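The following pair of complexes shares a single chain, chain A, combined with chain B in the former and chain C in the latter.
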Partner chain A sequence: MLHQPSGNSALHAYLLLLPALVLLVAFTHYPAVATLIDSFFSTPKGGRPGVWVGLENYEVMSGDPVFWKAATNNLWFALATIPASIGLALVMALWVNERMTGRGFLRMAYFTPTVLPMIAVANIWLFFYTPGYGLLEQITGLFGLPSHNWLGDQRTALGAITLVAVWKEAGFFMIFYLAALQSLSPSLREAAAIEGASRWYFFRRVQWPLLMPTTLFVMINAVINAVRMVDHVVVLTRGGPDNASTLLLYHLYEVGFKFWDTAYAAAITVVLLAVLASVALFQFFVLDRKVHYQ
Partner chain B sequence: MQRKTFTRLIAATAIAFGIAPLGASAQAPTEISFFYPVAVGGSIAKYIDDLAADFTKENPGIKVNPIYAGSYQDTIVKALTAHKSGTPPVTSVLLSTDMFTLIDEDAIVPIDSFVKTADDRAWLGSFYKAFMLNSQTGGKTWGVPFQRSTIVLYYNKDLFKAAGLDPNKGPATWAEMADFAKKLTTKDASGKVTQYGVQIPSSGFPYWLFQALAIENDAVLANDAGNAVKFDDPKVIEALQYWVDLAKQGTHPAGIVEWGTTPKDFFEKKVAMMWTTTGNLTNVKNNAKFDFGVSMLPSAKRKGSPTGGGNFYIFKKSSPAQQEAAFKFIKWVTQPERAARWSMETGYVAISEAAYNTDTLRKYGRDFPAALVARDQLPFAVAEFSTHDNQRVTKALNDGLQAALTGTKTPAQAMQDAQKEADRLLRSYK
Partner chain C sequence: MKAPSTRLAYNEPGWLDTAAAWLLALLWILPLVYTVWTAFHPSEYSTRFELLAPLTLDNFARAWEAAPFARYFLNTTLLVLLILGCQLVLGTLAAYAFARYTFPGKNVLFALVLVQLMIMPDILLVENYKTMARLGLVDTLVAIGLPYFASAFAIFLLRQTFLGIPKELDEAARVEGASPLQILWRVYVPLARPVYTAFALVSVSFHWNNFLWPVIITNSVGSRPLTVGLQVFSSTDQGVDWSIITAATLMTSAPLLIGFLLFQRQFVQSFMRAGIK
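The block that comes next holds the complex of A and B.
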């Protein structure tokens, strides 16, 4: 650092960056590198230290049916939660952006799920889904529909946890859209009104393009959350029945901290990081070019 | 998985904080850290703090620091991570089934090495045999029973009366339970079930409840050495078939039954009989708005239930003085009078005959006979399913059970698949 060409000012800059840099290196970069290295060793057990095994952990992964099940589940989970939560957030934001009575209350109501801790709300959802007397059953019961065990059926367990995730996320994304909508100049709307543009036309040709930077930001967050959110899985299904609702991070947790196979867990982490990084890079470098910044 | 770094950081922090007090005083009391989980309702944490304070009062040279560590799963994660960083708790309450895992990680020391006097030996011999089964292997004792439980059957006496059954007797055999369940199942005009006869929870850890069925059908799931399982035994498959058939006959809810909502289902009269832990006894006593009964699990070829719950372990990487102090604390806390109080506070089974013979528990049992059912069932109880690489083997069994219960595999197919997976996992422990 000291022999940087620009001398004093560079030194100052680095000193200012140092605290953040130390934290990032200690808690993000070094662990990531250490994980990559660990993934090429066997799991140390008792007195036996880990030994170099090359790609064996990755071979185990490709032959692990639970890993593939978790990966497919996660893909469906992402494909459902990302568009659904973004779409819902946009609709809610457009609505609460209008002038109307009870707007403050509505905004708060939409944002509430985001504020509540996931473990607590998952426990509430557990009772929503309970067969027999759960809230969902009481509603479907009114229409004379048969009782269904939502979390206890392999066909509906994943859908049930996906719904909770969308419910939890949409309010959070709404805040970003709302902020972006409020930063749009009111003169655009007036101009559109004078030209006689319909609301849909105004949204499609003016609001939506101007919201693109927000959409990109929200989408990156949604992708990360699709891999990161597992608290509700722990409470609602613990990945069951028979792995029907297990997600990658939950599988990773089980391998690492229930089975104590830390080396294999490191290999899964590396794959997860690689996938996430490539998705993020794609979003930054490919989608970003199509985004219109003001 | 950033465990290595994590453990190093913890170690570094521990060293940083550990150095400071060294200079302060050389004659400090022996401090022992004690991790404990809370798995049932009630103000357990406060009670444990009181116990530790009382112990220090009687033994001024030792200071016990109880540390609440979350669920059983959280506690073992914390204890093992700390062990790998070199600073484990001196003692911890962990699942009795974690014994093999802790031995494989070289984390604990056998209790036998502290048992020196005749009094010590009498104390170690005072525990119920059923609880020691999960605490001993290879001729050594590795854990001391503390908060232990078994499965019992709770039933709604009002619904029994309404169905014309004797409210003072739970089902004694499988056939009787299936028959009772049929009589206790009610439907509304449209044919929708409004009240199920029986339910056995199958979320999270179905293996534990299934093990009861297997025992009752006279099958043994794992050997004592913990390196071989018999999931594909015809008697095991038959036990699973019985469970699956209950749901097929419509007297047991279809699919996976959630462990957490099962007591609630019982309170809401959505089910007339439920299988769950004795640890729920105080919960049911406080929340059931009707007269309820508790009975032993029904038998097919024999009576039986697995035990469950937590043992005390002593960790290897602590000083001999700390280990001795921990042993003293464990011995103190499991004395009959304290074990009796603990059982009443929590609903756990008291761990020794002597505890049930204390005035405290005698009186409690007289006023509330349901509290004694678990004790009466103990002579028929066997060790909870536990093997090397325990969680993984257990998962293979759990996945198989859930596949059969949700109908994606036949019981035979599910158990054969689980067997294959377990054989693969256990091959290196033979």
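The block that comes next holds the complex of A and C.
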């Protein structure tokens, strides 16, 4: 509806949009396109601009064992953090939604990791994991278990990093479940009580289906975070030992800003962009059409 | 088990749930409690747990002197306020255009805005670094904030809110002779205040905590925010003096932590509101 009296309302709208759009284009759309273009050129060296190399950067990528290690690690990281943090978040929300002793404290305890900077949190966990000194060792020591360098061992480094991510995220996702649970009608529960449905049955047949839109929303966020979360890698392991815990964005950071191979870094960025774009398309074309409970 | 009461006791959690919930909560804050213990006790008690161990603030004093934390605090505060201010102003203007104007290309432009929800500046490090180098902004606070000044999230959130405000209100204001910007300022902004608060809390905690882009774009004390300062401090300046590192860690998180503990309800509600819209 045009409800502006004068004919220049479109102009007004463009002027209102201009500052935000200029910045969005300059720092989101332009770099996304420029990355794609740069990934077909070589890295500029000493004032000489990069030259067209076609798919060479992608060939380098497919022959780069660290890239594949980072990709596999990232896949495992995602496959572990997404269900674990969502599952824990749901359980936490179901608990905190009830009249439970110390509910305020429980809610605070679950949510606190979310508020803290990942860098600070990672330092805390670094201390927690320290061999022979950290709390984890002290606890395992009580049970007579041998000392273990959780972050320094190739077999456990990725797991240790995953645990920190789950710990940081679960409380955040809990909030969304809690909001959704609070918006469910109390009469559902009364009806279930009259029918004599068990608690598990009530959850499985009533609460879980009604929470589906929330679960999908949280899942999209969890996928994005699985791509984006690397601060803790910087503090805890720097991708080591021997790339056992490197993730794609961390590899991109090393290639781009430690080795300054910007062309190859652009190719890695394109891979990350492709992942995020497919998540967006999936959400837009599949989920938005299927989920209409609310 | 339970005496029959007027309240519907069906599905109430049993003692087993309560015990499990408490166990998980204690596990959840265990790393934090351990950190607080170490930071407030002399280093010889850092891993020895005695109830009567002497408390001290010495670790904080030593950490404060060992690195320019005052400067880092100033940088982060300025940065967070700068970003928030720009996001709110630009977001309000753009949201108003999307909510209350009709113009050619509106849907396409809105879709272009939404792209940023998925493709965040956090990923586009290499190109944004090049842009900052071209602008001569490397190692400045503005460079850290610039990619975030226009926030798709703010635009989206405020547009939703503005759409929910009855049009009669702004027609009434127009009859009174108010200009579009006056209407925005006098009618829309005051009515959307809770959403502004919610967005502000989310934005401040995000940018207070942000690390990867700042660590790339800064390389001196003058522009480093707290997160980067803490990382530089704990990885190089100190050997393994955990008492000092934990003190510095707590110091860095303190404003957010204290803010959260004081305004818990607002925090939780803000995150809820921001996520659901």
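Here are some notes:
Going forward, the second predicted complex is superposed on the first by the 263 of 294 C-alpha atoms of A that agree within 3 Å, B and C clash if a C-alpha of one lies under 4 Å from a C-alpha of the other, contacts with A are read in each partner's own complex, and residues count from 1 in each chain.
As a working rule, a contact is a pair of C-beta atoms (placed from the backbone, for glycine too) under 8 Å apart; a residue touches a chain by one contact, two chains touch by 3 or more.
Computed from a prediction, not measured in an experiment: that's the story for all the values here.
Shared-chain residue A:F282: touches no atom of chain B or chain C. Once chain A of one complex is fitted onto chain A of the other, the partner contacts of A:T237 are limited to chain B, with no touch recorded for chain C. Touch criterion not met for A:W68: it reaches neither chain B nor chain C.
By the touch criterion defined above, A:G256 lies against chain B and chain C together after alignment on the C-alpha atoms of chain A.
Contact comparison for chain A: of chain B and chain C, C touches the greater number of residues. Once the two complexes are overlaid on the shared chain, A:A179 sits against chain C while remaining clear of chain B.
Contacts of A:A265 after superposition on the shared chain: both chain B and chain C are touched.
With both structures placed on the common chain, the touch criterion links A:Y133 to chain B and to chain C.
Within the superposed three-chain model, A:A34 lies in touch with chain B and with chain C [touch as defined at top].
Touch criterion not met for A:Y201: it reaches neither chain B nor chain C. On chain A, the patch touched by chain B and the patch touched by chain C overlap at residues 26, 30-32, 34-35, 38, 127, 130, 133, 252, 256-257, 262, 265-266, 269. By the touch rule above, chain A contacts chain C in their complex via residues 1-5, 9-10, 12-14, 16-17, 19-32, 34-35, 38, 88, 91-92, 95-96, 98-102, 104-121, 123-125, 127-128, 130, 133, 135, 138, 167, 171-172, 175-176, 178-179, 189-190, 192-193, 199, 202, 217, 224, 227-228, 230-231, 234-235, 249, 252-253, 256-257, 262, 265-266, 269, 272-273, 276-277, 279-280. Taken in their complex, chain A has these residues touching chain B: 26, 30-32, 34-35, 38, 45-47, 126-127, 130-133, 141, 144, 146-147, 149, 151-154, 237-238, 240-244, 252, 254, 256-262, 265-266, 268-269.
On the chain C side of its complex with chain A, the touching residues are 8, 10-13, 17-18, 20-22, 24-26, 28-32, 34-35, 38, 47, 90-91, 93-94, 96-98, 100-104, 106, 109, 112-113, 115-116, 118-131, 146-147, 149-150, 152, 155, 167, 171, 174, 180, 205, 208-209, 211-212, 215-216, 226-227, 230-231, 234-235, 240, 242, 245-246, 249-250, 252-253, 256-257, 260-261, 264, 267-268, 271-272, 275-276. On chain B, the positions that touch chain A within their shared complex are 1-6, 9, 73, 77, 80, 101, 104-106, 190, 192-193, 202-204, 253-258, 260-261, 264-265, 268, 270, 389, 391-392, 395, 398-400, 402-403, 405-406, 408.
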